[in-house]
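These are the structures in question, set out in turn.
What follows is chain A paired twice: with chain B in the first complex and chain C in the second.
After this line comes the complex of A and B, so read on.
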C-alpha cells in the first residue's frame, strides 16, 4: 500500500479536480464533502474506484455506513484505518 | 394534453398485452458459453478504438466482450431494481387511471428483464458485478423527486436501448446475447415512449413553479446522472476478469479517450436533445 501522505494527497487532488467550490488551499482533510456539496452522491462511485485503487481492496458498497465519505479524515479512517 | 397522454398510455397497454411473454420459455439457454463467440459488438466495447484494445488478440477481445456483456447486464439489473421500487410506489397515485394500468405492465416487464439478465450472469459468469452507486436521502421541492425519477429512468433506458438494438441486429454475436438484447429492446421501445411523455408532462408542470436555484439544481443533477450512468460501462472488475492489467488506469484512459467521448456523445444525442428541448440540461454538460 502507498504511504499515508501519498494517499491523502491523491484524495485531495481528486476532490479538488472533481468537486465544486474548493481549491488546494481551501480544502482541508476536515472539509465536509457531502454536506457542503463539494461532491455529490453521484460522484461517490468514482471516488470508490479511487479508494479501491489506492487500498488495493474491493469495496462492498452495501456494507458502507453513512458518514464514511464525510471528509478525507473519515475516508482515511474507514478504508486505510490500519495506518492511523 | 391529458387526452393525448391517455391515448398513448392505452396504446402502450394494448401493445404490452399483445407481446406478453413468459420469461421461462422465451429463451433457450445453452449449457455453456462459446469462447469463440462475440457477446458484445466490438464497436460497443468500452476499450474499442484505444491502444489497449488494439493490442489484444481476437480471442482476448472475445473474452473481453463476454465480461463487458456481463457488466452490461449487471448494470441493467442495478438500474432496474430501483426502477421497480419506484414504479411500485407510484401505483395508484396518478390522477389518470390508465397510468396505473401501464405501470403494472412496466413492472412486469422490468422484472422479466432482470430474469433474463440475471440468468445470463449467474449461469455463465457465476456473478453479477456489484453496484457501486450510493443514494443519500435529501429534501426535494414539490414535484422534484417525481421528475428526477422519471428523467433518470429515461436517460438510463435510452442509452441501454441503443446498445440493445445494435446487438440484437449484430449477426456476429452469440445467439443468446442477441436474443436477450432483442427481448429487452422490444419492451424498452414502449417504456421509452412512456418515459418521454411523463418527463415532458412533469417538466412542463413543475419547471415554471420552481425557483431558479431548484431548476439549476435539477439540471446539474441530471448532467451528473448522465455521467455516472456512462461511467458504469467502464468497469475495472470486468477488465480484471478479462485478464487485463492495471485495470484502474485502464478505466481512466478508456473514459478519457477522444473516441470514447465521441461514442458517448453520439449514443446520447437523442436523449440530450430531448432534455435540452425541455430545459432539463445545461448546454455542454453531461458527457
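After this line comes the complex of A and C, so read on.
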C-alpha cells in the first residue's frame, strides 16, 4: 500500500477535481464532504472505487456505516486505519 | 428496546373499516382518536409558529423530476389518469360495459399523464417556494393524503393511501439543525410521558433497487433519516435532514446560498395503530394530552 501522505494527497486531489465548491486551499482533511455536498450521489460511487484502488481492498457497500465518508480523516481512519 | 406486548384486534374496533385496496375508513371513536392525534401534531407545529397549508392531491411530474423521483421510487407511484377527451374515445368507452367482471375498468385511450398523486406532503412546499429568495426561515405544516403503491397492505400500518402530517423548515444549516434537534427532543419527551414504547433508528427511504442507487447509499452514509419506531417494528414518524438538496433542485435561496431544509413527518394512521395497540380505543385510557 502507498504511504499515508501519498494516499491523503490522492484523496484531496480527487475531491478538488471531482467535488463541488472546494479548491486546494479551501479543502482540509476535516471538510465535511457529504454534509456540505462537496460529494453528492453523482460522485460517491467513484470515490468508493478510488478508495478501493488506493487500499487494494474491495468495499462491501451494503455494510458501510454512517460517517465513514464524513471527511478525509474519517476515510483514512476507516479504510487505511492500520496506518494511523 | 422498549416493546409492547399488546395486540390490536381491528375487527372489534368501533368505527373502523378496512378496504382490501389498502385503505382505512374511520368513524366514531376511532375517528375521534385520529383527530386527537392531528390536534397533537398541530400543537407541536404551533410551537414553532409553522404556517398551516392545505395542499393539492396531485403534484406535477415535471416538478418531481427535479428530484429524480421517478428513478428513485417508480414502484411506489400512483398516477391520476383521465380518458383522452376526444368524442370518439369517450363514445367507445361508454358504448360497452365500462367495468368488466373482474372489476377492471375497460379503459379506451388515456390522455397523457402529467401528474402524480402526492407521494409525500413536503414536496408541495419546495414547489411553492421555487425561485424564492428567503429573508427569514420558513416554517410550514400540512397534512396530505399520500399515495404509495406497495406489494402488500396491512391495516393502519402499510396503506395505499394514508395521512402524512409534516412540519417543514427552510433555512440556514443552523436554523435547520436547531429545528430538527428541538423536534426530536419534544417528540421523545412526549412519548416518554405517554409511556409509548418507541426508539429512534437510522433509516433510508424505500428506493427502487437500492443496491444500485447511489442516492440510497448517500442516505445510508449520511444518516440523514431518523425514524421513530414503535414496538421495535413500525416506523410511525421520521426526522429528515435534506441539506441543500431541495434548495438547489428548486432554486430556493437564503443568505445567497441554496436553502437547507428538514422535515418532521408523522404517519397519522400508524400513530393511531400504535396508540390503539397501547391504550385501546377508549378516550379515557389515552394519554392526558390526547383526551381533549
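Assume the second predicted complex is superposed on the first by the 84 of 84 C-alpha atoms of A that agree within 3 Å, B and C clash if a C-alpha of one lies under 4 Å from a C-alpha of the other, contacts with A are read in each partner's own complex, and residues count from 1 in each chain.
We adopt the following convention: contacts are C-beta pairs under 8 Å (C-beta built on N, C-alpha and C of every residue); 3 or more make two chains touch, one makes a residue touch a chain.
Quick caveat, the model's predicted, so the values are computed rather than measured.
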| item | value |
| --- | --- |
| When chain B and chain C are modelled together on chain A, clash or fit | clash |
| Chain B versus chain C as contact partner of A:64, first or second or both or neither | both |
| Which superposed partner A:5 touches (first chain B, second chain C, both, neither) | neither |
| Partner chain in contact with A:35 - chain B first, chain C second, else both or neither | second |
| If touched residues of chain A are counted for chain B and for chain C, the larger one | B |
| Partner chain(s) touched by A:53 [first = chain B, second = chain C, both, neither] | first |
| Which superposed partner A:45 touches (first chain B, second chain C, both, neither) | both |
| Candidates 56-64, 164-172 or 272-280 of chain C: the single one with C-alpha clashes against chain B | 56-64 |
| Interface residues of chain A shared between complexes with chain B and chain C | 34, 40-42, 44-45, 61-62, 64, 66 |
| Chain B - residues contacting chain A, complex | 130-136, 221, 224-225, 227-228, 231-232, 236-237, 248, 251 |
| Contact set on chain A toward chain C in their complex | 34-37, 40-42, 44-45, 61-62, 64, 66-69 |
| Complex interface listing, chain C residues touching chain A | 202, 211, 214-215, 217-218, 220-223, 243-245, 248 |
| List of chain A residues in touch with chain B within their complex | 34, 40-46, 48-50, 52-53, 58-62, 64, 66 |
